[in-house]
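Two complexes are shown next, each including subunit A; its partner changes from subunit B in the first to subunit C in the second.
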Partner chain A sequence: MLIVLSCAVLVLAAGMVVLFAMFGELSARVGESGMVERSTEVRPLEGARLGQVPDSWPPTIGDPGTGEFTVLVLSSVCASCADIAAQLTEKPGHADWQTMGVVISTSHRDVGENFVTQHGLGGLPHYVDVGGEWVSGEFDVRMSPSALVFRDGRLVGAYIFHDVAALRAAVTGTMAAADQEPEKEEAWTERRG
Partner chain B sequence: MDGTKRVTGGKGGVRIGRRHFLAGAGASGLAAAGVVFGFAKPALALVNAGCCTLYCNPSHNLSQCETGTYYVWECTESSGYLYCNCCEHGNPGYRCSKTPCQNCNSSNYSSYSCQYP
Partner chain C sequence: MRSGDWVLAAAAAAAAAVLVNAGVAKLVSPGQLRGAAAEVSPLGGRLLTAALVRGLGMAEIVAGMGLLISQVRLPAAIAVSALGACFSALGALGLARGSSLPCGCFGAVGARPLGWTNVWLGAALVLAWPVIVLAGPVPALGYSQAAVLLASIAVVLLCLWLNRSLIAALRRAPRAETARSGVR
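Showing the complex of A and B:
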C-alpha cells in the first residue's frame, strides 16, 4: 500500500514539475509577444565627429574595409542596451549582418566581459572598450545605444536607435542613396557636421 | 523475537524493500533536483534606475560620483526621449555575485541623473 502511495506521490510530483515547465514556457512566449513596444525611430546623434578617420581600429570588431561598416555602441550600464543585445542574438538575430561590429563601453574589463557573456554577444564581432576610451576619444560619443556608420573608414553617420532592424534598414537605405547620389549625401553630411 | 529478526523475516524483508525503495526514490529526487537547480547559474539582477542598470542602489548624486575613479555613460530609454547619465564610482561590480553588490560602500557606489532634452 505504501509503495503504491509513494508511486502516486512521485507521479504527482513529476506531473507538477511538467506543469510548471509548461507554465514557464507559456509565460516566456506570452512575454515575447507582449513585449513593450520599442521605438523604431533612428535619430542623428549630435556632437559626433562626422568625417573623422580613427587613428586606431579594434581588429576584433571586423575590418571596416572600403564599403559601409556599422559599429553599435552599447554600454554595461545601459538598460536598453540589454534589449539591443537580445535583438542581436535572439532568433532570428542579426548574425548575418556582415558589416557590423559591437563595442561595449564599460567601467572595467571584467564587467564588460560579463556583459558579453550574459547577453550572448560572444558570437558577434565585438570589442570591450574600457572606460569608453576608444569611442569617446575618437568620435566624442558617450551615448548608448548608438550606432556609428563608416564609409571607406570614415565616420559618416552617428545615430541613436532602439530597434536594430529599423537601424539596419535606415543604414542600408542611406548607403544605397549615397551610392546613387553622392553629392546629396556629401551635402547632408556637411550640414550635420 | 528481537528487532533484528523482525527485519530479516518475511514481513521484515518487505519492510526493508520498502525502505530501500523509498530511500532510492528520495535520493533520485534529490539528484534530479540537484541537476535541475544546482547547476543553474545564479542570475545577477542589477538595479534599474531610469535607463541605467547599476550595481548598487543609487546613493550619491552625479557630481559626487564624477570624482576620483569613476565611469559615466549616457543612455536613452526605449522611447528615445529620456536621457540619463549613469555613473559607477570605484568598482562596485568587482566579483559581484548578487545585487545590490556586497561591495557597495562609500568608495564603490552608483548614481544616476535623468532629464528630458
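Showing the complex of A and C:
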C-alpha cells in the first residue's frame, strides 16, 4: 500500500516538474518576442505631477543639478523593463548619458537588488524604490518603464517608452526646444519694446 | 531496514531528483543545450539534434527512476554512471572552451553555462555504480518504499529551488503588467 502511495506522489512530483519546465520555457519565449517587437514610440505619461519639485531626492541616482536630468523608472516584474536594462548596459549601452539615473520600483529590496545584479545595472546611478513609494508619492507615477524628465530639479515631462535611444533623442529634442523658448520670448519682447 | 540502507535510499533519491529535473527540462526545452553544445563544439552542435536531446532527457528520467527500484537498480546505476561521465566531460569541455551560453541543463530559467557545476554533479553521479556494487543487497520492498518516498520529496524540493527566481517573480509581482507597459 505504501509503495503505491509513494509512486503516486512521485508521479505528481514529476508532473509538477513538467509544469515548471513548461512555464520556464514560456517565460523565456515571451522575453525573446518582447525584444523583437520593441517600439520606438515615446508617449506622454498621463497623470504625472508636472511642475512638482520633489521633497526628497535619492542621492544614489545622481544630482539633478540645475540643468536637465532624466530618471528611468523600471520595475522588477515587467518584461519590457528587463529589455530596457539590457539596452542600458549592453554594447554600446548608455553609460555616456551623464544626466540619467535609474529607479527600480519593487515590492522587496532584495528583489530590486537582484534585478540590479542580474541586469548589470550596478555601474549606473540607481536607486531601489521599495513599494514604489518615491515615484508614486512624489510624482504619482505608477507605470513602468517610464521616464521622468527634470529641469532645474522640477518635473517637466513624463513619458512611457520602450527604446532608450528613441527616448534619449526625444528628451534631447524637447530640451533643445525648451531652451529656445526663453530666447524667443526675449526677442519678441525686444521687438515690441 | 538498517541505517546504511536508509542512507543508500536517500542517495538514490537525491540522484533521481537531479536526473528527473534535468531530464524533464531537456524534454521540454532542448534548444538551450543544443546552443551550448554548438558553442563548445560546432560538430557536436550539428550532431546533437532536438530529438537526441529529448532522448537523452528520457534516458535520464528512466535511469533515475530505475535507481529507486531495488530489482533494477544495478543496471540503472551503470546507466547513471555513464550519464554522469558524459555530464562531467561536457562541463570540462565548456570550461576549456570558455562556454558563455546558458546550458539549459535544468530548464530555460537557469542561466549557468557548461562548467564546474556539470563537472561536479557528473562526478557525483559516476559514483552511483561503485556505491551500489559495494553496498551489496538491500531489503527489496523496504528499500523501494523508502527510496520512492524520499525521491518524491527531493524532486519537489529541487524543482522549487531551481525555479526560485520564477516563483519569486510570480509571488512578489505587486501588480499585473499591462500589454506593453508594466504597472508597478
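Going forward, the second predicted complex is superposed on the first by the 145 of 193 C-alpha atoms of A that agree within 3 Å, B and C clash if a C-alpha of one lies under 4 Å from a C-alpha of the other, contacts with A are read in each partner's own complex, and residues count from 1 in each chain.
One rule holds for everything that comes next: a residue touches a chain if its C-beta (ideal position, glycine included) is under 8 Å from a C-beta of that chain, and two chains touch if they have at least 3 such contacts.
Treat the numbers as computed from the prediction; the structure is a model and nothing was measured.
Touch criterion met: A:Val18 reaches subunit C, while subunit B stays clear of it. In the superposition on chain A, contact of A:Arg142 is made with both subunit B and subunit C.
With both structures placed on the common chain, the touch criterion links A:Gly132 to subunit B and to subunit C.
Of the two partner chains placed around the shared chain by superposition, neither subunit B nor subunit C is touched by A:Arg109. In the superposition on chain A, A:Ala82 contacts subunit B only, with no contact to subunit C.
When subunit A is checked against subunit B and against subunit C, the one touching more of its residues turns out to be C.
Residue overlap on subunit A between the subunit B contacts of one complex and the subunit C contacts of the other covers 2-3, 6, 10, 13, 39, 75-81, 105-108, 111, 114, 131-132, 142-145, 160, 162. Within the complex, the subunit A residues that touch subunit B are 2-3, 6, 10, 13, 36, 38-39, 41, 43, 75-83, 105-108, 110-111, 114, 118, 131-132, 142-145, 160, 162. Per the touch definition, subunit B reaches subunit A in the complex via residues 18, 21-22, 25, 29, 44, 48, 50-54, 70-80, 86-88, 91, 93-94. Considering their complex, residues 2-3, 6-7, 9-10, 12-14, 16-18, 20-25, 27-28, 39, 73, 75-81, 105-108, 111, 114, 131-132, 135-136, 142-146, 160, 162 of subunit A touch subunit C. Remark: subunit C residues 20-21, 24-25, 27-29, 61, 68, 107-109, 141, 144-145, 148-149, 151-153, 155-156, 159, 162-163, 165-166, 168-169, 172-174, 177, 180-184 touch subunit A in the complex.
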